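Taking it in order: structure first as structure tokens, then the write-up.
Chain naming follows the written order as A, B, C and D, and within any one chain the residues start at number 1.
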Amino acid sequence: MISMTINGKVVKAEKGEMLLKVTRREGIDIPALCHHDAVEPFGGCRLCMVEITKADWDGWKNYVTACLYPAEDGLIIQTHSAKVNELRKGVLDLLAARCPNSPEIRELAAEYGVPQTTLEEVPDADNCIMCGLCTRVCERLGFKAISTVGRGHSKQVAPPLNEAPPDCVGCISCAQVCPTNVIPYKDINGKRTIWEKQFELIACKECGKHTITTDFADALCERRAIPRDYFDVCDDCRRKELSLKMGSIVAWSREGTS
Amino acid sequence: MNHDLSKLSAIYDRYPRKPQSLIAVLQDIQKEYNFLPCEALKQTAEELNVPLSKVFSVSTFYNAFSLVPKGEKVIRICVGTTCHIRGAKQIQEQLEDELKIKAGQTTEDLQFSLEVVACVGACAMAPVVAVNERYHGNVTVGSCKKLLKKGKKG
Amino acid sequence: MKQRLYVKPELCTGCRTCELACSFTNTVDGKPRRSRIYPLPAGYPDMYVPVVCLHCDDPACAKSCLVDAITRNEETGGMELDQDKCVRCMACIAACPFGCALLDTQYDQVVKCDLCGGDPVCARFCPTKALECRPAVLTTRKKLAGSSS
Amino acid sequence: MRIENAGQLEQYRRECQARLDKQTRRLLVCCGPGCLANGSQAVSDAFKKVLRNRKIKGFKVEALKETGCHGFCEQGPLVVIEPEGIFYTRVKPAHAEKILEETIAKNKVIDKLLFRDHNNGQPITCYRDIPFYSRQQRIALRNIGQINQCDIDEYIATGGYSGMAKALTQMTPKQVIDEVTASGLRGRGGGGFPAGRKWKTAASAEDTPHYVICNGDEGDPGAFMDRAIMEGDPHSVIEGMIIAAYAVGAHEGYIYVREEYPLAVVNLQKAIEQATEYGLLGENIIGTDFTLELNISRGGGAFVCGESSALMRSVAGEVGEPRAKYVRSVLKGLYDKPTVLNNVESYACVPAIIDKGGKWFASIGTKKSTGTKAFSLVGKVRNTGLIEVPMGTTLREIIYDIGGGIQNDRPFKAVQTGGPSGGCLPEAKLDLPVDFDTLTEAGSMMGSGGMIVLDDQTCVVDLAKYFLAFLVDESCGKCVPCREGLHQLYGMAVAVSEGRATEETLEKMERLSEVVAVGSLCGLGKSGPNPFLSTVKYFRDEYLAHINDKKCPAGVCRELIRFEVIEDKCDGCMACVAACASNAITGQKKEPHVIDQELCNKCGACRTVCRRDAILVL
């Protein structure tokens, strides 16, 4: 255990754990759009920048992303100093220009004093902030179906060759983790469409409720050795099944004892 | 478009079949075919055991790769700092005018591709134009016409 | 000490106190629909079964989680879901043979019983002791086999 | 042939030297990039053709050598005759026969091919007497232009691989590191990190294996020092890498070469093969138990791959996105293993340091920046080319004494150093000594060594716009400040250059620059605003002229200028009429021409071709 000072308060932490984890544990709200615990820290959105210094740094201060800076003994951290807020405001101004129509970005930007971007709005912009969470989560899940394409300002997220991605199983995790909800998918009539690829959803044998896609279930069975019939029935019916089964056991034992 | 993909296996044989070889393999494919055919990307993904998405990501990240066919002669206008201040822009406009394409494009007959390149490292001779791998220094608006004529002949 | 939640349907009156206790403890708004425990009719008159995660020895939920967000808390023995790690692919919900990983539709979150960190409120509030939490008695197959020989 | 021990290497060296000494006359044809672009290959071929047909007394065809960049690119193609150092400039294939017959056979110097002093017009026979050369001190470039770029024997003859032999047979790895530390060698790629300290950290890292990497991804536009070294003296890089690998305990190394440098790849590959054949590389180098395998990794054409973590990802066959620097790549670099990454020029200095000692190196240059530094001196300077000077030489000495001042005697405006990460320094800063720290303090940086001289016809707004466009193109797109911020800055710079901006735009640019500089993930973004910030600091007036007066004082920004013919000066030569791509100039021979403002696209081609300075920019 080491100790650091965050916003004037002494805080204990494990050496090497990332500052963002510590601040979150302490209940300090630092915006971070490209961070997700399921994947490695990335440092792309730069919103979680904090000011750090140490007693022996002669007043020198550094600005680092909390998601990617390991805790060290004696660090003195300011998460919302004037300069930090100014930097965050600058980054949010840039994001607001990039995604002028994203409610998530507008809300956060307004919170930091940017009700409207002061910069030139990017024409024909979608709401993607290029945090790459979708691609990183997809990689973490092991499907690696989508990736970033190109570089710089015209970088995008896309399936390979801009065709329906062969490795996608339709788990929609990419859409789920997207901070600006920009990846569209549709579940209609037992069919799921995402990345312009169509998938069959499993229908519960009992009630017909749709759960995950057949491709996803097959992948799980193959990779994690789960029996395929686990996916035949939906969770509602499974609970009912369980209660009835237990009921009959109790009834049987009652009969047996009486 | 169908391409003769028979030369691919020879390229794969040059490198260990590992993901690390990806860039080198793609460079050789680019050199062989003048671009990266879709089918070649798919085959590369399989041969090197790299996800197709990563092959696509890499092949769009680096300047060296093109997913559309390039011309037989690639004219690269150096727009390095020195060339820029010595008038590379004029040369670019002149060539765009002559070839009736913009930088980054290829003529319809696939004879010429026009590209700009950040710096070819021959700054003392700025402005520089390279036709395939041959450099031409101190290019002027007049001399680039000659260059094209020479290029058209062969 | 590993805890186990023991369910005795024969004592359950279907009063739904457990559901309320769970909701109030584990959700912000305390709506019973957000509970991780469901007393369901057991198919016999006046018989109910509080259906709750069994924290299986070989849990399908954890196996199906490709980002390893569901792990066992070695202290309590409970299978816990790390909300920050969850990518909401819903694999665990589909995979659990007892339907005990749940979707909180209001917050679009996957939720499941985590034994309240070792002292489950449902058991604490159960008026009839139909739910009881006590240290697990180890009765693995190996042990049974050992004692029979 | 395999060299089995250090003694054998020494003996072989004597043999090579003797062979060289027999060539009483050596004819060196510069085949550096500049001279090649001017047709030096044809010159060399012409010599070969003549020699095939005729015997020249006392001269063998082996003594004709194609060398790397001799440096004075401005005067190329260059031909040097050693040992006298007779220096022929602007040689054409047609001169080959005459040079062989007159100079080689009869010892007669051909006057009209000699370099002439700018000031008095006097011809200078030997290149060592030309100020461009006499003011230099060459360590990293010691062999370039002096030896056949592809012949290991010549490298050995000039003392090559003796530093390596000394390190491997007489020194412990620790002693090697101490020597490099004592030399004070700092990273030549621009970072300026002390090489000794880097090696020490890597050497003491417990994780294995260790790697050495050479950064040959010279991406700064306007810089070609590394290219010259890789093409012209590849063995010096290899020798430096072997020494580094020995010091840090690495057995595998990579040379990452920019894809725009195909010749560098070829020459390095040849050099690796030769060295391996001689037993100077590969298993059991010169009979010791030290082994090193070197591979060439061709870059894919991405400026950001000059950044160490991006480069390492690229070597591993991935997208070249940098990663945050809290884990130092020296501990977790290539494949997350301890990795020493140095620049081409740094490695090229290492053999000399081991050979002559760290103290010797530290005695050159300044206290904090030791040794020499290679620069590509280009732009509007008279003597363009490749130079190497001791650290601490002032900008004025470089530009005026070596560079010979500004082309066509125009006024000096600024010098741009450090490429897209650096900045522009005005005349007032000309007396600054060139070293790592001084230039950074002045708002620019030394960078890898590009030095671009600007005259009054260069617009700083246009230059800032140029660099921003370059960086927008080259940003990897990973982090927001760099990807979005540079794009916005570029948009505003365009607005300034087109006269659409206000003073508020300028303030907004300065504020945004701060966000980009502090907020970006890697060096590309962090230093990205420098070209803008340094020009707005030193040339604010010029920005204000664009904004308030809607004028471009340098006559570059098209939206703000107009070309007109000065009737009195125009002699009606038709040159501009021919040059105008948009047919905007009309006129008869020997009568003043007229520019149609409607048709004119303001490219400035007419101004470039006009010999009488008759085109006026308003």
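Please note the rule applied: a contact is a pair of C-beta atoms (placed from the backbone, for glycine too) under 8 Å apart; a residue touches a chain by one contact, two chains touch by 3 or more.
Computed from a predicted structure; not experimentally measured.
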Pair joined by more contacting C-beta pairs (B-D or A-C): B-D
Subunit A and subunit C, separation of their C-alpha mean positions in angstrom: 25
Centre-to-centre distance between subunit B and subunit A (centres being mean Cα positions), rounded to whole Å: 38
Centre distance in Å when subunit C and subunit D are each reduced to the mean of their C-alpha atoms: 68
Contacts with two or more other chains, residues of subunit A listed in rising order: 148, 150-151
Shared interface positions of subunit D, touching two or more other chains: 302, 319, 473-474, 476
Topology of the chain contact graph, where touching chains are joined (line, ring, star, complete, other): other
Residues of subunit D touching subunit A in the complex: 302, 304, 319, 323-324, 326, 472-481, 483-485, 487-488, 491-492, 508, 511-512, 514-515, 518-521
Complex contacts: residues of subunit B adjacent to subunit D: 18-24, 26-27, 50, 54, 57-58, 61-65, 79-82, 84-87, 89-90, 93-94, 97, 117-126, 128, 133, 135-138, 140-142
List of subunit B residues in touch with subunit A within their complex: 38, 41, 51-57, 60-61
Touch list for subunit D against partner subunit B, complex: 33-34, 36-38, 73-74, 76, 218-224, 227, 259-262, 297-303, 314-320, 376, 378-380, 384-386, 416, 419, 450, 452, 454, 458, 463, 466-467, 470, 473-474, 476, 578-579, 581, 601, 603-605, 608-609
Touching residues (chain side subunit A, partner subunit D) in the complex: 41-46, 49, 63-65, 68-70, 86-87, 90-91, 94-95, 97-98, 118-120, 122, 129-130, 132, 148, 150-155
